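Order as written gives the chain letters A, B, C and D; numbering starts at 1 within each chain.
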Amino acid sequence: MNYEISLITTMAIAVMFALSLNLITGFCGQISLGHATFQGIGAYAAAMLGKAGWPFLATLPVSLVLAGLLGVIVGLASLRVRADFLAITTMGVGFLFVGIVRQQDSLGGELGISSIPDHGLGNVGFMALALLMCASVAALSVYIKRSWMGRVFNGIAEDEDTMRVLGIDVPRYKLAAFALGTALAGMSGAFYTYHLTFIGADSFGFVESITVLSMVVFGGIGSVPGVIIAAALLSVLPAWFQVIGDYKLLVYGGLLFVMMRFSPGGMAGLAARLFPTSSLPNGGKP
Amino acid sequence: MLAIELVAQGLIQGSIYALVALGLTLVYGLLRILHVAHAALFTLGGYIGVLVCNASGSLALSFLIAALVAGFGGVAMFRLAYQPLLSKPPYVALIASIGLFIASEEAFRIIFGAQGMSFTNPALQQQFVLGWGLQFKLAEILVMVSTASIIGVLAWLQARTRIGIACQATVSDPQMAQSFGISLLKVRDINFFVGSALAGFAGVWVALLNNLVEPTMGSVPSYKALAIIVLGGLSSVPGTLAAALLLGVIEAFGTIYLGDILDRNAIAFAFLIAVLMVRPQGLFARS
Amino acid sequence: MNLSTSDAPLLQVNGVTVRFGGLTAVDDVSFDVHQGDLLGLIGPNGAGKTTMMRAIIGVVQPTMGSVLLGGQSLNGLPIHKRIQRGMSLSQQLVKPLRDISIQENVALAAASDKTISPLRALLNVSTERELAIAQTELARVGIASMASQSPGIQPLGVLKRLELARALALKPRLLLLDEPLAGLNSQEARALATTIAEINLQGLTIVLIEHNLGEVMRICQRLVVLDNGKKIGDGDPREVMADPAVRAAYLGGDALGASAAQGQETLEMQGA
Amino acid sequence: MTVAAALALTTLPAWAQLKVGFNVPLTGFAAADGKSALEGAKLAVAQANAKGGVAGQKIELVVYDDQATPKEAVPSATKMVEKDKVVVAVSGSYSGSTRAAASIFQRGKIPYVVAYAIHPDITLAGDYMFRVSAMGEVQGRGGAKLVQNLGKKNVVIVTLKNDFGQALTAGFKDAAPKLGLNIVNEYEYVITDRQFGPLVSKIKYDNPDIIYASGYFFTAGPLVSQLRAAGVTAPIIGQEGYDSDKFIEIAGPASEGTYITTSLDRDSTAPATVAFLADYRKATNLGADMVAASSFTATSVAIEGLRKTGGKGGAALRDAIASGIYDMPIGKLEFNDLHEVKKDIQVQIVKDKAFRRHSVISDPVLLAPPTKAK
């Protein structure tokens, strides 16, 4: 059973992480190529605190707040540049994070941090907690989408200028999306740390940022069910892909390309097209 | 003089950056796509260069074929991948491009092997002693010279020939250009061809400088070139050139004097972020 | 019919100058708008009308001079702050959000008190009140029957009215209309102009940029004329249009009202 | 699915019964080393099966690609323990993924024999962990000793910025003062670097007697060739990361005279080494490198343990592996109480486009692996 438990925990963490990016990219339309940085902040915070004797549950809120704080700072900085540049600045923040962590002996440097203490919840308990938090993030996402915040996000994603003319304080909303999304990424990072019991700077690099963005886009940008399914699938895909061994990443990259080329709305868009009656609001933007 | 040598080394690296980033700038200027898969054409150029040179013994031929193959590869990418996505939000093309890049890197690994390939008889390895303790490989000198001349020729073509002017017009106002009878498709094809050929050309240079081509050789250029076109102010050819050379020099000094604070990639992006905070439109953009 | 003119004008434009590089788009323009006015801001292509409007709403900041609303300076305020103070703008290019209905588009504007901060927006879910306001505004502009339809498939006439309803739903003290009639045929233009006049009669102060001089003359109580960035006329429509300087400006540019129905200001837009 | 996975990746029949797990980077940045490692492990299994397997059962190598990342290694290791029920596992991967997998095998009480991952934490994960290669620090100390043996004093250190490079440098710097060496300057580079122009220029100005540069063949090849092209003539010491014919191919004539500290002596007359080198060439048509030899060794150690227990795993197998003395291509091995090996360091030098024996560093004090006490 441990294998299944481990896989489900992996999935839950990936879904949490992908949903956190979905708030920023899917709901608010801001492309981030450095989202793994915020998972990294949370992961390192949890690792350092855990090694200092904090219990796992106490590290969660700290990871959340720290990552969210950094998210606001990055968000403030990003607001200065034009929308086209945002993807690149967030990518730059990612490289800076990895570069700095690698150089800090107090953060384990190149060697990373291992022997992270046990979470003390048992494998099943840990999985249950990860699932619970994952469900909470999903519920929060659905709630946000239904609230006025979600409506404004949706408007910003489609047309910032019009939202400005409607009296919306666009920068503040973008900051709010950044703060929420990065804080939740930080929380997923704490789970990541305690799940893998080993973290290194490269675990939160550019490749991971791209991977999580792929999950969001693959599922259907902005679609909560789509992103959940995509993140759950793609996070364990490498394990299934063992069958095709050598061709794993080729297929992965190819899938990403084919999906964008033929169904840019992701799986949600595909579902909306295949079953036109089922309504997937906003998920299947043409 | 260490400083002079570091500047020279920075310019060598910067020349390579410039060749790769120029293609990206052309594509961005024309289509507003962040064309990550561009770096796959750079890798393709490197492999073709090594294969052709090892088979034929002619370096000139290998440059020519590498540039041609990469050029046509670029046009094919545009026609098959990007053209149908032009009306979609920009992230669609970006992700498609990332997917294409990952798949290409893997295809190179599966076809040519993970170990990479080398020239059996690497050319241009002769050494030039320039005095003051300066000493360079012939290839290092030629990469700077050829970059400068190619970019010079391109600038001339762009300013003086009909098709060059058409390209510029298309960048600044596609609709207007179209109404003057310029074929958008043709201009886009040409831009992709030229940009990709430059990347292929750069690939052969890097193969020569390192005597190694690997499946992953495009991964650093793929993101570094993005940083460069942003620094250069997006879609400005002179800006891109200046940003590429500047970044090369900054990295050269940075790796020596900041090496124990930040690594090379982090230095490049720290510089990028610092610049954007002061000049949000990029270093060389007209605001 | 007008509410009696109060002491302070609702909008004061004082010596506003806007320069882009070497180009002076608006050159030392001053005028007042009083409570209840329906003021037409006109001028030939490239006269600086749209730039003037953008300086009022805050898309561009004036190089010199100031804009006051209800006696308070708006200088340096971003767009959304100006809108929160009681202005709203109906744009020339109608850009509805395409994946929500017409009614929901208007409701988004009607929710301005709920969307004033992200936190408040997060804590508010109910849409009943906003949808009701939206329905009222849609009725006011005459497209109530299309409320539940998608804006993506509507003709321009409906979209223009949607844009107007969205601006009205912000409950402004001052409504700015940027070429509301552009692109409409004469019948549609006449109908929409009548709607605008009715809204003004209900007590809302309106500033209108328009090329369709026929309709402008029919509904506006006052005109401000710009040419080459300078104000060349201000006052009663008939008197202003009789002014030789104004006639010269128009004849030098477009024939009176000839191309007005099309009303393209592309050059001016690009200058901005 | 597991059977299918095994079929896809090994040439062994499906009726095999004794499963040996093997995690290895077959895709991603470490794929080149992963390929060598897999060939080495497959050779060990093929030889064992040719001799009739263990206790009448064939051995099946269950291969998982971990991309050298912890994220992929954790599910792979869990699957090996839970689903495949491997009796023993071998790491043919880098430190990051091996560290992540180690605690899982330890918890599952499955002996885990590590081929060439050098991080100290691995054997600290518990008593089911074994390592057949020298830890990075130990190799680094061996490098310093070599500098002394060569009669040089002023060293420039070039460090590859990853766990491998930093462990080597740490060991080197630890031993350097004791051996009277003077470290003139120190530089770092990242694994994606291939252009070392600025670094080379600076080293030229440092004018060292000798250069201690960590790296893999794909970074070291360009580095060595660029150093020579710029006119730097000081000898260069590399380590087992250089240990590939690819290094000589990339650096070309510039590679001549480069020293490496490694665990494979290609001029060895020891029968185990001679046989391995020949068999490997026959099986793959390639020259063996350190990664292949170490993976072969680790797999063979695991199989020999199985032979002693008659195919039984768990504590019996752990004790059997721990108590053995092994005659392997990389030397005679014996595990200490921390399950690290104590062995001599082979120094090879590039001569006429091939690695040749230069010397052997044997210093029981300086090269002592860590023990439980430490």
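Please note the rule applied: a contact is a pair of C-beta atoms (placed from the backbone, for glycine too) under 8 Å apart; a residue touches a chain by one contact, two chains touch by 3 or more.
Nothing here was measured: the structure is a model prediction, and the numbers come from that model.
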Completion exercise
Judged by C-alpha centres, the chain sitting nearest the middle of the protein is A
Exercise for the section: Go ahead and note the Å separation of the Cα centroids belonging to chain A and chain C. Expected result: 42
Handout entry: Separation of chain B from chain D, taking each centre as the mean of its C-alpha atoms, in whole Å
Key = 36
Completion exercise
Distance in whole angstrom between the CA centres of chain C and chain D is 74
Fill in the blank from the handout: dist(centroid_CA(chain B), centroid_CA(chain C)) in Å evaluates to 47
Fill in the blank from the handout: Residues of chain B that touch two or more other chains sit at 106, 260, 263, 265
Completion exercise
Residue numbers in chain A touching two or more further chains are 102, 246, 249, 285
Exercise for the section: For chain D, jot down the residues that touch at least 2 other chains. Expected result: 27, 161
Practice task
Could you run through all the chain pairs that touch each other?
Solution key: A-B, A-C, A-D, B-D
Problem - Complex contact set, residues of chain A against chain C - result: 143-144, 146-149, 151-152, 154-155, 158-159, 161-162, 164-170, 172-173, 175-176, 281-282, 285
Exercise for the section: Could you pull out which chain B residues touch chain D in their complex? Expected result: 2, 5-6, 8-10, 12-13, 16, 106, 109, 114-116, 118, 122, 125, 127, 129, 133, 135-137, 140, 206, 209-212, 214-217, 219-220, 251-253, 255-256, 259-260, 263-265
Problem - Contact set on chain D toward chain B in their complex - result: 27, 29, 31-32, 34-35, 161, 187-190, 192-195, 197-202, 204-205, 218, 221-222, 225-226, 229-231, 244, 246, 249-252
Practice task
Provide the residue numbers of chain A that touch chain B in the complex, in ascending order.
Solution key: 25, 31, 77, 80-82, 84-85, 87-89, 91-93, 95-96, 98-100, 102-103, 206, 210, 213-214, 217, 221, 246-247, 249-250, 252-261, 264, 285
Exercise for the section: Under the touch definition given earlier, write down the residues of chain C that touch chain A in their complex. Expected result: 57, 78-81, 83-84, 88-89, 91, 95-100, 104, 108-109, 111-112, 114-125, 166, 170
